[in-house]
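Same chain, two partners: chain A is paired with chain B first, then with chain C.
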Partner chain A sequence: MTERAFPSASGLAETRPKYVGKPVQRLEDPRLLTGAGRYAADIRLDRMVHAAFARSDQAHARIVSIDTDAARELPGVIGVFMAQDFPDLPAIIAPSRMRDYRATACAPLARDKVRYVGEPLAVVVATDRYIAEDALALIAVEWEPLDVAADPETALAGDAPLLHEELGTNLLFERVFETGEPDAAMRDAPLRVSGRFRMHRKSPLAMEPRCYVAEPDRARDALTLYGSTQVPGIIRDALTGLLGLPGSRIRVVAPDVGGGFGGKGSLYPEEIMVCVLARRLGRPVKWTSDRLEDLTSTSQGFDEIIDAELGFDTDGNLLALTGTVVGDVGAYSIYPWTAALEPVQVVSFLPGPYRIPHYRGAVRGVATPKPPTGPYRGVGRPAAVFVIERLIDMAAAKLGIDPADMRRANLVRAGEFPHRIGSGLVWDRSGFIECLDAACETVGYNELRTTQAEARAAGRWFGIGIASYAELTGIGSRISVAPGMPINTGTETASVRIDSTGAVTAVFAVASHGQSLETTLAQIVAEELGVRPQDVRIVHGDSAATSHGTGTYASRSAVLGGGAAILTARTLRDKVKRVASHLLEAGVEDIETGDGHVFVRGTDHGVSFAELAHAVYSDMKALPADKREILEAMETFDPVTGTTASATHIAAVEIDPGTLSVRIHRYVVAEDCGRLINPLVVDGQVHGGVAQGIGAALLEELRFDEAGQLLTASLADYTVPSAVEVPSMEVTHVETELPGNPGGFRGMGEGGAIGAPAAIANAISDALAPLGIEVSELPVTPERLFRLVQAVLGKGGRT
Partner chain B sequence: MSRRVDIALTVNGEPVTESIEPRMLLSDFLRDRLALTGTHVGCEHGVCGACTVEIDGVSARACITFAVQADGSDIRTVEGLGTIAGMDRVQQAFRKHHALQCGYCTPGFLMTVRDLLRNHPLKTDDDIRDGLSGNICRCTGYEHIVRAVRELADERDGVRGDD
Partner chain C sequence: MKPAAFEYVRAASLAEALAALDHDDAKVIAGGQSLVPMMNFRLAQPARLVDINAIPDLNRIEDAGTHVVIGALVRHAQAMCSDLLAARFPVVAEAMAHVAHLAIRNRGSIGGSLAHADPSAEWPLVVALLDGEIVVAGPDGERTAAAEDFFVAPLVTDLAEDEIVVAVRLPVPPAGCGMAFDEMSRRAGDFAIVSAGALVRVEDGVFAQVRLALGGVGDGPVRARAFEDALVGKPATPQAIAGCLDFAVEDLEPESDLHASAEYRLHLVGVLSGRVLERALARASGSAS
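Take a look at the complex of A and B:
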């Protein structure tokens, strides 16, 4: 036993470092900054071959024949495979417990017919990717084109061409939420505003295109899939069913992943095919998406038409809200989330953070010959918040009330939580009003209105937009992330161990793709266990490391992973203390840990974690056998219902009357994600979300023509914000306490993207209020703005 | 496509000679031939900037450059900057300001920022944003990248920053 001189031993308990809440520099950065990261596309394996997919250039057509003879003869081509080569491979079906839900069958390679441009038809495997793509050009497909109903409302008509004939309809699901008597309340409301709103389709567009490498282990009849996925656990579980192998023989690893935003959160045909091909060929198979494939085959976001009406009284009290949503979900219901995920969330969140006694939200999901929609940052809430926040501003304008005051009067207040909104969601305590007030204070709201009045008097188009919202994050086991989805996403199990050298490893089922989990989870474990963050190795994104887990999505990882980290580290700390109490001959209650040491409080008597581990594992004389507790712990955290996060965004914009470019002068976010784990990381997540929200508001749209062809299939046509389009942002934090939650953490990965489209839409509408223009369609591109302005000013106007 | 040409160039200070197809992209050459996978491919049509490298000291997009065009030139990739144990100033500033999240676009940004610091005054933050506009980042919203570049530009110009 070594006696160790601790600096200022008596002050140790007080000086024990706290890591949660500190701007700890990221532990993942050194490798990512030096080119030492390892993304799926960086993986090279012996005997590895390359796949390339032949894809449909038709939106809806019957496959008459596929001629692959010339492709097969090309030197370097190992094989060309079609659906008939895998007769036992099941289709992807995302089941749902929702009543009358119509699941679609998506064959990994199209059988008989295709349902969107970009759908995989055949796959070439060759010795290199260049040759595989040469071979694609030699594949000839004969089509029988079928009628196309690309517009979702047309697709609902009785005579519309059916995408999935066996369903007998293009309507995949229908759902209604109702509270109170919305029709009567609306009829009796003294004042009403309404509109038809359109949220166009967008791409998650992670910078890293999807990539999968499947490595067969012939000796064990096993398989490892390295994939750019957010959900390795979900993929592993799905592959066991599709490939007929037990989970112990399929390992799914998400190495460094270059962003996800929802686009890497589902099961994909290409992911299945590389696994199937690797097993068929007995060698590693790799596929990397190019950007065209990403824009046509990665799951897409939004795409709703929303008719909504808001009733209120002359004092500005909200009385009733109705919304009718048609969601264009694309050709297939995506696994595991189902086609209901995005559109149903629109009506779930439409009432927002407000007191509205009467509500009806009705939603229909329609199959159209376009790529499948799936989770995208914010899921449903960007569209819902856009609509309710526009209605609030329209109501405020009708009453002549300031939009901030209109919100302040109707936001759920501190004493009113928990508050059940009309869709049935329950908000727990969160700083709704506090965020509004903090945002107004930060932006200098009254002065900004004065600035606006001056600008307006000078004929400038200057506007201020507010968006307040709430979201449900860190969803627990009692609620399904997607309605009716039959998998559990509400628990997270962590294990933390101290090995025989005293090193700490913490294992999670979450998967980090930019969220900084290797740092934030290490901060939590370090603080609870009494070591330094850099001493904690975080293992994540590896299905073989845990018994069950899903991954990272839905603003869950800080809440669930963080909660599990705390519970597990505390259990392990208790073990450490019990062992130390024997070694140090002191009571457990007098043992402290900190900075990698275990010591008797108020003394310099202690041991290092390495010495403690040596005593437990190696020095068989140090402890009696029954006191050698294995230094490992495993605990599960379940937030049961979830946690409410909220924010207010305020944007100030000016529109150039000549070019109609929108310049964002100020952008302020005040958000409540509970206790901050790492303020740098939280700010970064907010900034990134806002930038994507600005893209959704002003730039990003997947435009399809009437034949279902994508017109924006490159980054020259599908424009995402650069540093020039994104303003400097000011972020402030309201840390409302969260009783009953071990860490007090609320989820915040999606929030920025939820508030920004609404704030920008309101700011532009405010700027153009002198012309009576309301923004009801996003993105409001320069072309759309031109049409709106032209309709008012006409050809004789100044534009 | 079996015709091959021989090229000789310097990559991160090391002489390299390889026989390649004329159509091979510089990005694929660096990644697949030389296993320098720090250079990332984001769009393969010259928009996103993830593949930015230095060719004879000038930032260039490796995904729209053929490897044969680099014959005789001096290439620097992210692997030729600082190391994990000894990051260079640009890398350090990116870490300090949390100017990267997923890290996929980061090597391209580092190369662009080096070029900006060498060749542009960067007097205002708008100048920095203009300079960065050929590189897309989907995670950070650029705010922290701009702050990192501001610190580097001020340091270059002998201006004292706020911190």
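Take a look at the complex of A and C:
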């Protein structure tokens, strides 16, 4: 089901080709699929040396001594460095304007104590990585172990060991959102459902582990950092402060990047250290994370305990919602997002796309001796949606109402936008009910319920789960992506130029790490300017190419980058038309562009972009001096608040009553990201997001023991879905118009991962409804299912 | 994740390989699918690797009439596609489909899987189920070991440091046997939480021969002898299988680990044993039904 409500971008009934909305093949694929891509690990520079980090094997301990003598003597070792070798290097501190926020200081190499297993202690630099790792084995550390409170609720107790003694508490922040009178409304509600929900810790687990190469330039006293990062602009800005160099002498380049999912969106100790070492040694320094380091030192995601209650009346109207969240932040507050990013988003989004008049969401972030958490695809919303969607299903079951009808009755409707939810977020117009209806239609909801009834009658455990959600994407300058974070992530500036050969180059500060931005941004520029997508070179991921920019995260790049592309290409098109008007002796209003040509509408009288560029730049007789335009434009786009994206996911699952394995039988997504730029790319993002959501629902969990040791430290134990575990998906699009936004684009990079955990949790609960089992902990591993089923059926169970 | 330095010897013959193994901390490498990851984690740091891939004749599957001999260098994928094995032991291909992924099945060798001795691995279970013998070469010549003697503990065998697994001999069971294999793992290709293999023969409507082998529940593959003895002579029916299943779990003491508790493993033993036995029964010729 596709609702098309867009006039052509320019409002003109032009004949030139349209690219936005078309399934244009990805322009980056020939490079990436033939091995011609260039990732950070592919970079080899003259005189380059290799770093390897000695890491803590203790979760919480004082460093008594580090003996590096034997390591230094190993042939091939250039140096072994510790915190004391860089007395002037500041700690990483992620500041926040949030009231009572307690910032943590994270030294790039641990100074007096360590706070998680995997924290960098020392770094070896050697002529190759093998020797560097040989040297690591020769470093001896003497520890004074300290008490460990690995569980976040234990860490909040008054007598808990303090991770950061100077803060006097492990509580890093707390915040409450309240609307109406939640206590009274809950008390008076005729019916209530509640539960304690647990979302376990995950790893972003990009295919490409993190890698950094720092190249010093002694002539200019400058530095280039090639890094697998989502945020080259943020890293550049942070490094200027840490290294004491102006931005003009630090360049951060994100070459081809093999996935990020949030894990490459923060500033890392290793990133700083390769820069510092390159300057100290006067040689390029490279560090590549191995998979073990990726699982222990790349930022982790989720990890919340959520107590929530939903009050409603006998007609199914939602009355009140309360949620109390304890977020396990890990050892440090990550830069620049702060410790508040993930846990606060849980309470910000808990009311979901529903009308709920009374709300209170309270959240506390707790420091624990585990790796720092950071942004992970979905940020807070996978947990929030899991909880509210479970509660909605529990309420529907209590009332005997179909879960789809329960949602249809409470979703914010077309005439009710903008709608402010209890946490203060405002939904602009989005197809909440339209997505629900489209998903039900695609899956054949009524027939599926009949199939389920037949399966149940035959003793099979077959369930259907729905998850509807809304998210704020493409966030503008009025809202901070992370609460209280003092950097601007709400604007994006594009520059587009036509060079003296007529070729088009468009420069952005976003940084693609798999989102197809080279294709989608080229589609937009091509359509607005009147060339073909393959004629537009997209430059991105290079801090030296722009004055300001951050990168790609938070479902922002299509909205902000796409908006900036439209505004900039239009400005440049106007310049092209003015020049052409003079060359072709026609009025500006009669000039049209398309397919790399500029011509008088309705005629074959025209010039190519190459000829027009020649006239402007080279043939000094073609135009009078005052008609020569600079064929460049630069515009900034700011969506101010942001745009609402929404979707409904429906999963049908069957559980093997004997082995308790879960098979996903159907998976349907109906999503509204506004106007599609490229349906292939949107579908791909949905597929990837759902795959990660399946991981969160069924498979992936970073498990720690009571001493804070990571137990799932390899991909044999940290189980991500493979192709076999990911079903075919049916994706349908609802394109709700977005007035006041130049492209009508909404962000959708995270959505798949937001809906899937809830939809699958609801489907499993539905399958087990005859046993009265509710899923409240994710992932639902076979072992957890076994325990839930055993509790009801007793020993023996079903075979 | 780089291995420590090691010496590498590529042996052209079994004699060369055995000579090269006479060295401190020498380790045989064939497909490397278990050893190389352990070396990269530096959990294994052999001083010398003896590569046996170039030794002729170890990659053959041979029909010896009463039994089939599978060379140690036969790859999982090769065994999975073997017509001879499919005809004699269809359970092999059924089990091989659960061995990791295509790329690993193309490289990983049978000898390596047996010598690595993961208690959840498919080959040790298949050898135990089929009453196979592992052929081992050493400085003093060849010897054979039954599965129950060869697998000593998780990742531990009775293989001496100077010995090499050269083949496995599988006796051909009587005609009419039905066989089946199944396992439960977190994901396709993961090590089994529990695996089960069954072989049954039916005569005159009763179970004349029963074998049940279990993986993931002990030090190595486990034959459920008490269950086998209990079922022999009973009517060849699913009800009889179900009635004896308690015998399958009675002496087991599986460990709890990250992926499964001992209780869940015991539950799976009952579930999977029942399934493979019913399937084997359905495949046996002359079954009661």
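Just so we're on the same page, the second predicted complex is superposed on the first by the 782 of 799 C-alpha atoms of A that agree within 3 Å, B and C clash if a C-alpha of one lies under 4 Å from a C-alpha of the other, contacts with A are read in each partner's own complex, and residues count from 1 in each chain.
The rule is short, and it goes like this: a contact is a pair of C-beta atoms (placed from the backbone, for glycine too) under 8 Å apart; a residue touches a chain by one contact, two chains touch by 3 or more.
In this text the structure is predicted, and so the values were computed from the model without any measurement.
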| item | value |
| --- | --- |
| Partner chain(s) touched by A:Ser65 [first = chain B, second = chain C, both, neither] | neither |
| Which of chain B and chain C A:Thr314 touches, first, second, both or neither | neither |
| Which superposed partner A:Ser722 touches (first chain B, second chain C, both, neither) | both |
| Which superposed partner A:Gln515 touches (first chain B, second chain C, both, neither) | first |
| Touching partner for A:Leu205 - first (chain B), second (chain C), both, neither | first |
| Contact breadth on chain A, by residue count: chain C or chain B | B |
| First (chain B), second (chain C), both or neither touched by A:Thr34 | first |
| Which superposed partner A:Tyr130 touches (first chain B, second chain C, both, neither) | both |
| Contacts of A:Asp290 with chain B and chain C, given as first, second, both or neither | both |
| Chain C-contacting residues of chain A that also contact chain B | 129-130, 134, 290-291, 714, 716, 722, 724 |
| Sites on chain A touched by chain B in the complex | 23, 25-26, 28-39, 41-42, 44, 129-131, 134, 205-209, 256-259, 261, 290-291, 513-516, 680-681, 683-692, 714-716, 720, 722-724, 726, 728-729, 752 |
| Residues of chain C touching chain A in the complex | 1-5, 41-42, 101, 184, 186-191, 193, 242, 258-261, 263-264, 267-268, 270-272, 274-275 |
| In the complex with chain A, residue positions of chain B that touch it | 1, 21, 23-24, 28, 31-32, 35-45, 47-48, 50, 77-79, 81-84, 87, 91, 94-96, 98, 100-107, 110, 125, 128-130, 132-146 |
| Touching residues on chain A, where the partner in the complex is chain C | 129-130, 133-134, 137, 290-292, 658-659, 661, 699, 703, 711-712, 714, 716-717, 719, 721-722, 724-725, 781-783, 786, 790, 796-797, 799 |
